[in-house]
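Heads up, the next two complexes both have subunit A, just with different partners, subunit B and then subunit C.
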Partner chain A sequence: MSTILLWLLTFSCLLFLPSLTIGIIRKTKARLQNRVGAPLWQHLFDTIKLLRKSETVSENSSWILRVNTVINISIMITLAFLTPWLSFKPATSADDLFLLIYLFAAIRFFAILSSLDPGSAFGAFGASREATLSVLVEPAIILALSAVALSAHTSNLSLVFALTANTPISQAPLWLLAGAGLFLSSLVELSRMPVDDPTTHLELTMVHEAMMLENSGPNLALLEFSSALRLVVLYGLSGQCFLHALHCIWPFASAAGILLSISIIFALAVVTSLIETVSVRLKWTRAPEFVAYGLTMSLLALLVALVTGVSS
Partner chain B sequence: MKISLVPVPQAQLSDNLVDWLHVEDRRLGLISSLDGGQLVTLVLDCTDASAQCWLTPLDSDVYHSLTPSVPQAHWFERALNDLFGIRAAGHPRLKSVLQQSSCKGNLHPLRSIAQCGNPDHGHKSDNSYLHVSGEGVYEIPVGPVHAGIIEPGHFRLNCLGETIINLEIRLGFLHRGVERRLTEIPWRSARFVAEAASSDAAAACAIAHAIAVESMSDITVPERAQYLRTLALEVERVSMHINDLGGMSVDLGWSWLAANLSRLRGMTQEMAALLSGSRFLRNFICPGGVSVDPDARLGELKRMSEVVSKQLEVPINAFFDNSSVHDRTVKVGEISRSAARELGLVGVAARGSGIAYDARQHFAHGLYPALAPAMAVETAGDVLSRLKVRSAEIVGSLDLIRTALDNITSGTTSSELPNKLPGDTIGVGIVEAFRGELIHLIFTDKHGAIKRYCIKDPSFNNWTALAIAAGGNLVADFPVCNKSFSLSYSGVDL
Partner chain C sequence: MLGLAETLATAAAIFGIFMSGCRHVRSAIYLYAVQTALVASIAFVYSASEHTGPALNISLAVVLAKAVGIPFFLGWVVKRLDVRTDSGAFLPVPLSMHVSIALFATSYYLASSLDGAAGTFSAAAGATASISLVFTGLLFMMTRRLAISQIIGFLTMENGIYLLGLHETRGMPVIVEMGVLLDVLAAVMIAGVIVFRIKKNFKHIDVTRLTGLNEQ
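Presenting the complex of A and B:
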């Protein structure tokens, strides 16, 4: 297939997958609760609606609040082009593991600044909680990605995630563990259950939502889109790990990879909605324990990478 | 219940009250006033289901505060200050219970017109907050407009990191003048206003009103009507307790349980509709009996109560089998037994802290105390204890509904009412609403018109407990703690 077609496909995934994935999570949750639920594309409708609304900006806020949105969405789109979250996405040159990690950290840094900016108590404790969680979860993500990078002997993620023929089956546990570590850490990173509840109306319990309270109109639309994009990129990345495990056992054609890349994201969305339906939100002081599950998976992946790396 | 009026001079009031409350089974019902010229103290004795009304004439607008010796008097005294303009000297924290917006200047809504012209009694409403200072201490203001669709109330949390140091609660944003209104309308219509005093407990309010009126004019209620009233009260209890458990699961972020409980709550409201024709049991219970006889619909009601009991088993047990729920509810929002007794807590909050007080066991209303179910009492005083008490009461009430439906007698459902109420009498209705002890106290003048209608909602006793229970807990656990008390704003903003 020509590169232009692949770029077009990547573009449309970038535009529509975030809303659709959020839609799938919400719809599955609604069906699990015996509700009909909002239409699958409600997130997109809401984004369009918000883009047409006027904004209310706190008098106490400065330019930081506004600039955050621009920085946030532009870094996120850059990340979506750099990160190998879809197997068919054409390779880019600057997709170093550590660049990606610190671009994610940059988004968080500006998000925290902007929620402190209007001086609201809710935004401030949301920022404090977000900072705590990200300090805890960042090592898990770095370790999971380092594990797969170590086995590929490069930190260029496009090369690491490229599907190569004849991968030994012994690589499968490494990819599985790294995928699990990434997925569990993404749940924390994306402020989903059980450490945060994206559907709650209770400001006192919010993490990510509390940081967005001061945004409205187009500002909010872009931030919502950005966080949905972050969700598909992170799910895509852990999905790719699972696909590699599958590829080790049962090599599939690259055309099937297109379908599989997208459906693994949907599958992870369904898993998320299952978790969010049956689990109780953790006590705040218990959140580190949940982060530890992801960290353990990543550490095990690293261990496997070291062991298999020595033997090969 | 017949009630006697005992004059108690101002100098002895505090000592008398301390002596009265020294006995374990004696309680303070309420402290209020008729028109600002006296104090009225209703005291209850659970051992023989009697009550006394102490009348203490005041010679000025200032009297010696009871709060230092009787802590549970503190909110009553704050209400007296705002509603009647009589001030408790020596009260430790005499803040306003009415907000500026609903109580302008020195207007005291319940003070009699004659005294209102007197400029001496003017007081400034004081809405200042306790200021907590120190490095890292910050304030979170929550409300009066909340994210959910609830009533207006303001919570001021002083926090250090993720821990609440002090919580101050402000209510009174919507003073509706219910008590005043009840004295202005014809007494035959009063039931409509009385049951709207706290509409989620409409049946309880209506029964309390009916009993108060009936006790004044010696009306006997037919047995069938007593059965129907009991059914209404228990259906309301089951419905609202399930609603509270559902709210608890929402706050815990447990969506399948919330969805299930909200469906079951709908079924209990359907039961209410079968019984009374109204899903909220409005306009059903009236002085003299009940307004409609459900006749054949009672069979369907019984079938439905069995379905609800069966379907509730899994959701209720789910709470107690889940380790995350355990984490979030054990040792959260604790109220010790001694604090519960000092604050005079009622209802689920009291029974969760080891105080065995249930008005159904002690005071006659409906078929109680003969048919009263066994009391569910827990001793830990935390959120989980209140959850357990609430769950046990749902099961108990559903059993009671079936027993009542098996034994219900036939006959008339209402008796004749007199044209007017007897003059200079006092009527009192004490009812165990789903939140706890609810008191309606009615005074008539010499012509038989209602001159003072006093309502003590169960939440009036329990709001302070929430402020105390929240201290020392995590900020993120406050909603769960709040939900476990399930308090009414409108019951206090009368």
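Presenting the complex of A and C:
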């Protein structure tokens, strides 16, 4: 298939997958709770509605609050083009592991600045928690990605995540552990259930939502889209790890990879809604424990990478 | 490349590390069962490759007794005693998991200095996994509160020692395996009974609070 066609496919995934994935999470959660739930595309409708609304900005806020949205969405779109979160996305040259990690950190930095800017107590509360969580979760993400990078002997993620023919089956545990580490840490990174409840109405317990309280109208729409895009990119990245483990056992064709890499994001979304149905939000003091499990998976992946690297 | 037995041994060690991160006693028991089933399958792999003795029978007996029987018995004990979670005593639970990963790395260095295990990585991997299981069991016993966790930790250590023996001798004689199996079964039964007695006398099974004498 020609590169232009693949870019078009990637671009349409970038536009529509975020809303659809959020829709799937909400719909599955509603069905599991015996509710009918909102339509699958409700997130997209909300975004369009918000884009048409007028905006209210606190008079105490400065230009940082407005600029944050633009920075957030532009870095996120750059990330979506760089990160190999879909197996059919054509390779780009600048997708170094550490560049991606620090671009994610840059998004978080500006989000924290903008939530401190209007001087709202709830925003500052959320910012403080977000900063704590990101300090905890960053090592897990770096370790998981560097484990797979170590086994591929390069830090260029396009090469690391390229599906090569006849990968040895002994690579499967490495990919599984790295994928599990990435998935657990992305639950924290995206403020999903065991650490933060995305549907809470109590500002005191919010992490991610508390930081967006001061945004409204088109600003809010762009932020919502950016965080949904971050969700699919991170789920896609951990999904690619699971697909690699599958590829070690059963080498599938690249055409099947297109279908598989989209459906694995949906599968992870369904897993998320299952977790959010059966579990409760952890006490804030217990959140580091949950992060520690993600870190354990990443550490084990690194150990396996070192071990298999020694033997080969 | 690792051989099949070494891969299974490493998987058993990894499940041991997961077990050391469990707060729930019941899930720790399940993970112990998985780990034991992996160890038993290694016994099968070794004896099948060496053509010594009735391989399938022995590993089936180990699976039935240690990976099914003991977890059932411990599950029953847990149900009768009505205990659910075991918060760590000296180390927080996730931290003890990280310590056992560090001990896994340590056991690699210990294993590479063993006779017969030195040289290639593949030869050291089985020994690494078994020493790591011993460490994990020891850490589990040291950092947990409940007496039932002490039993699980002891059984994990026993798995490690059994695995080391298997790995160094490439399949033990049937009579030795049977003897080990019988010893473990008797030990678990006696320990279970003792836990019941402790619960009856002290009204709890928290080993950190078992400091004074209690006469009835």
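Operating definition for what follows: the second predicted complex is superposed on the first by the 312 of 312 C-alpha atoms of A that agree within 3 Å, B and C clash if a C-alpha of one lies under 4 Å from a C-alpha of the other, contacts with A are read in each partner's own complex, and residues count from 1 in each chain.
Criterion: contacts are C-beta pairs under 8 Å (C-beta built on N, C-alpha and C of every residue); 3 or more make two chains touch, one makes a residue touch a chain.
Remember, it's a predicted structure, so these values are computed and weren't measured experimentally.
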Answer with first, second, both or neither: which of subunit B and subunit C does A:303 touch in the superposed model?
second
With both complexes superposed on chain A, which partner does A:262 reach: first (subunit B), second (subunit C), both or neither?
neither
Give one of first, second, both or neither to describe whether A:283 is in contact with subunit B, with subunit C, with both, or with none.
first
State whether A:35 touches subunit B only (first), subunit C only (second), both chains, or neither.
first
In the superposed arrangement, which partner chain does A:292 touch: subunit B (first), subunit C (second), both, or neither?
second
The answer to whether subunit B or subunit C touches more of subunit A is B
Touched partner set for A:205, first subunit B, second subunit C, both or neither
first
Have a look at where A:194 lands relative to subunit B and subunit C in the superposition and call it first, second, both or neither.
first
So, A:122: does it touch subunit B (first), subunit C (second), both, or neither?
first
Dual-contact residues of subunit A (subunit B, subunit C) none
Subunit C-facing residues of subunit A, complex
168, 170, 173, 288-289, 292-293, 295-296, 299-300, 303-304, 307-308, 310-312
Given the complex, residues on subunit B that touch subunit A span 138-142, 147-148, 157, 159, 161-162, 251-256, 258-259, 263, 322, 324-325, 327-328, 474-479
For a test of understanding, state which residues of subunit A touch subunit B in their complex under the given definition.
29, 32-35, 121-122, 124-125, 128-129, 193-194, 197, 199-205, 276-286
Touch list for subunit C against partner subunit A, complex
1-2, 7, 10-11, 14, 17-18, 21, 92-95, 97-98, 101, 104-105, 108, 120-122, 125
